[in-house]
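What follows is a pair of complexes built around chain A, which joins chain B in one and chain C in the other.
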Partner chain A sequence: MNSYTDKIKEISKRLLKEDKVDMVVGYRKGSVPLMHQPYIAQNEAEVDAFVWDSSCGLNLANYITDRTERIGILATGCNSRNIAVHLVEGKIKREQLYIIGIPCKAMVDRHKLAAMADGDITSVEEDEEKGTITIKGENFSETVNKADVLQENCSLCMHRNPVIYDELAAEEVPEQSTDEIDPYARVKEIEAMDPDEKWNHFDDLLSDCIRCYACRNACPLCYCPLCFVDESNPQWVGKSMDATDVRTFHFLRAYHCAGRCTDCGACVRACPVGINVRDFTKKLEKDCLELFGWEAGLSAEQRPPLDTYSPKDPEDFIK
Partner chain B sequence: MKVIKIDKTDWAAGLEKLRESYALIGPVKEKFYHTFKTLEPGREPDMDYSNSRISPKFVIYPQSEVILKCSMDANDPDYKIFKEPEKEYKSKAVVGIRPCDADSFPLVRRNFDTEDYKDPYWLRAYETTTLVGLACNNPCPTCFCTSAGSGPYSDESLDLLLVDNGDHYLAKVLTEKGQSLVSAAGWNDDAGDDATEAIEKKKADAESRIQSRVNTENLAGQSLLDLYEADTIWEKEAFACINCGTCTYVCPTCWCFDVQDEIHGNQGYRIRNWDSCMYPLFTMHASGHNPRGTKLDRLRQRFMHKLKYYVDKYENGIQCTGCGRCVRMCPVNIDIRRICNMMNSYDPESCTCEVTAS
Partner chain C sequence: MKNLMEHMGIEPERLHFSWISSAESTKFVDVATKVTEAAKSLENKEKKFAKTKPKVA
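Take a look at the complex of A and B:
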């Protein structure tokens, strides 16, 4: 994705040179394959470290909450939607931001590629024209279609183009449609399970959790000054590895994200033990769509449904 | 020290015999990756693994451990009186532990076994555990054990070191515990005169395959306050950090803990849990003040502890064995090799340091 990288550098340098922003938030190349690092460039020289390819799968909106500087930020579809959520929730002001929109060509799943490799991956090459990814290690080299190794949230994404931006770094990409894919196929599978199956599914899903909170901390929505699991007076949740407490953390976090989650997949990408945290959040996304006709982060003005009150609410109890 | 030969055809039968006197723990693949598990009868450790995601430190030092119990029944004469729970410390053997992970135990011991304080839980578990190491012939690209006081064939912290040699293991019997284990398994074949030489050759080959390193020679000589105030290092590196506990929880050498009381039904429990310097509650004072209140403070604490405070206090290298887990698993690619090299090369006069790619 050299064309993207070059254009991102060009725009970032211009913004810094013209003193439009104090910093630009992007990615620099990671020291291990598939793991680029969120990075701030505060001068033109630092911009040279910027990189853009299919391993930029975290969410940069996570890095701007409550900041006071003028910030340039790279934003894919989901990242831009989280910026919109931040604007609605008062975590940053629009006039502080210069949003460099990135029409997103989807990110690759680092867990999937690692599972495919016959040993440790030492390099990753991307052929944009052919749409392939080549992973190499000491004794292997394997080329796969990028479409087959996408992060699941990216393969189901309906908003690849940024919804809010000041400037685009490339031409818009075609959007996927629900005629081609069902973004909720997996949710429906889980919904169809009987209670025992469901219990076992979620029990198994969380059995590896080590409570490192990488999912929470990679999430731009989780900006509470003190998370309920860290509260010690009163103490809502035990801090040991008790299974009920582990579940409580995941359930409550997911509900706190209902109507706000953009399915950016940062939680799954960050999890060191490969838990598909999206099994919770995707269900709540589906519920918000069905019950309220709501998709998170498409508007920088409207508050999310569970965060607002409307006299037109059809439910009788509220009148 | 003697070297014996264990034919792989005798491996499973030996393990079965060991079960009579040891609980066996070893690497097995669960879902997507390897982890250390108690091996039920018939289940063998997967000796083809690279390394586990979570280090085996939990075998000695569990993530959550009940250290005291009490009755919460007001009619009970022992109501609210904490007592040590009865716990069986049966002999166990960790089979297939990597040398870097074994080298973490003596390092962690410096914290749990001092002249003034002896941690009974850690020590009892450690003393009843036999460590059967598996030498590393295919180190990961992120391994830097040879420059962190360990190595792919390091045998200083093991009771037995197994070297995969085709159809058999060459086994270095290193301690009495190791001898007891091979006797219990019935492994006693003479490895022949050239076994030691064969091991040395494989060791040199494995060491030459370690691709990355850390520079630590200047750390002890650096001024603690200069490093603490080295904003050129901390501000830039802290930006990406999300303050999750991944690095500390996968680390074999992180030892910090937090003690919590919980009540379940009519029982009260005092539980020791792993803590993480990345968390907002870490070192939070009762007043509400936290001397490490920001992300930068917490990230700096982790690296200063491992690469400066520990270095100065124990004069025994860095608090790291180079297993590379934090490098591989940090969701935002904070790389201890890079930060160690920055700290090692920091020049307080010019406030600059060498920045390496890894």
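Take a look at the complex of A and C:
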């Protein structure tokens, strides 16, 4: 994705040079393969560290809340939607931002690639023209089609182009449509289970959780100064590894994201043990669409459904 | 909320929402009876969201 990287650097340097922004938020190469780090460049020299390829999966909107500087920020479809959520929630002002829109060609799933590798992956190469990813390690080298190893949320994404931007770094990419794919197929699978099966499904899903809170820390929506899991007086949720506590954490965190989650997948990408946290959030996304006709982050003016009251709000569940 | 709880495997019989004014004593009795009956129908099922392990200090 050299074309993207070059264009991103060019725009970022121009913005810093013309003193339009104080910093640009982008990605630089991470210390481990497939995990590029969010990086804040404050001068033209630092911009040279920027990269763009299929490992830019963390959400940059996470790094702009409550800042006072003028910020340039790269934004794919989901990142731009999270920026819109921040604007609505008053976490940053629009005039502080210069949004560099990145029509997104989807990110690869590091957990899938790690599962294919015969040992530790030491290097990753991407062939943009052929659409392949080559992973290499000490004793192996494997080339796969990028389309087969996409993050699940990317393969189901309906908003690849940024919804809000000041300048695009490339031409818009074609959007997927619901005629081709059903974004909620997995949610429906779980919905079809009986209560015990559902319960066991989530028990299995969370059995590896080590309560590291990486999912929360990677999430742009989780900006509370004191998270409910960290509070000790009152202590809302136990801090132990008891399955009930683990489930309470995941369930409540997901619920805090209802109507705000853009399915960016940062939680899943950050998870060290590969839990598909999206099994919770995707259900909420589906409900918000069905109950309120709402998709998060498409407007920088409209407040999310759980934040507003309308006499038309569904209330069949209240007896 | 109810949807996500049920999505996670909580039986619909366990979770009820109702709006009852302090003046609606008969409605309260009615709802309380229905809730208890619904919950009792699950008597033989495993408890959910109940901690079974002892608390550590």
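Note that in this section the second predicted complex is superposed on the first by the 310 of 319 C-alpha atoms of A that agree within 3 Å, B and C clash if a C-alpha of one lies under 4 Å from a C-alpha of the other, contacts with A are read in each partner's own complex, and residues count from 1 in each chain.
Here is the rule we go by: contacts are C-beta pairs under 8 Å (C-beta built on N, C-alpha and C of every residue); 3 or more make two chains touch, one makes a residue touch a chain.
From a predicted model like this one, the values you see are computed outputs, not experimental measurements.
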Subject >> Of chain B and chain C, the chain that contacts the larger number of chain A residues >> reply: B
Original post:
First (chain B), second (chain C), both or neither: which does A:Gly131 touch?
Top reply: neither
Original post:
Which holds for A:Ser232: it touches chain B only (first), chain C only (second), both, or neither?
Top reply: first
Subject >> Partner chain in contact with A:Met35 - chain B first, chain C second, else both or neither >> reply: first
Original post:
Does the superposition put A:Ile210 against chain B (first), chain C (second), both, or neither?
Top reply: first
**OP:** For A:Ile190, decide between first (touching chain B), second (touching chain C), both and neither.
**Re:** second
Original post:
Now for A:Gly119: first (chain B), second (chain C), both, or neither, which partner does it touch?
Top reply: first
Original post:
Should A:Ser240 be classified as contacting the first partner (chain B), the second (chain C), both, or neither?
Top reply: both
**OP:** Enumerate the residues of chain A that count as touching chain B in its complex and touching chain C in the other.
**Re:** 238, 240, 242
Original post:
What residues of chain B sit close enough to touch chain A in their complex?
Top reply: 30-33, 50, 53-54, 63-64, 138, 140-142, 236, 239-240, 242-246, 249-250, 258, 260, 262, 264, 271, 273, 276, 279-281, 284, 327-335, 337-338, 357-358
Original post:
Which residues, counting only chain A, touch chain B once they are in their complex?
Top reply: 30-32, 35-40, 58, 62-63, 111, 115, 119-120, 122, 138, 208, 210-214, 216-218, 226, 230, 232, 238-242, 269-274
Original post:
For the complex, which residues does chain C have touching chain A?
Top reply: 1-12, 16-19, 31, 34, 45-46, 48-51, 53, 56
Original post:
Across the complex, what residues on chain A touch chain C?
Top reply: 187, 190-191, 195-202, 238, 240, 242, 244-245, 247-248, 251, 254-255, 258, 280, 283-284, 287, 317-319
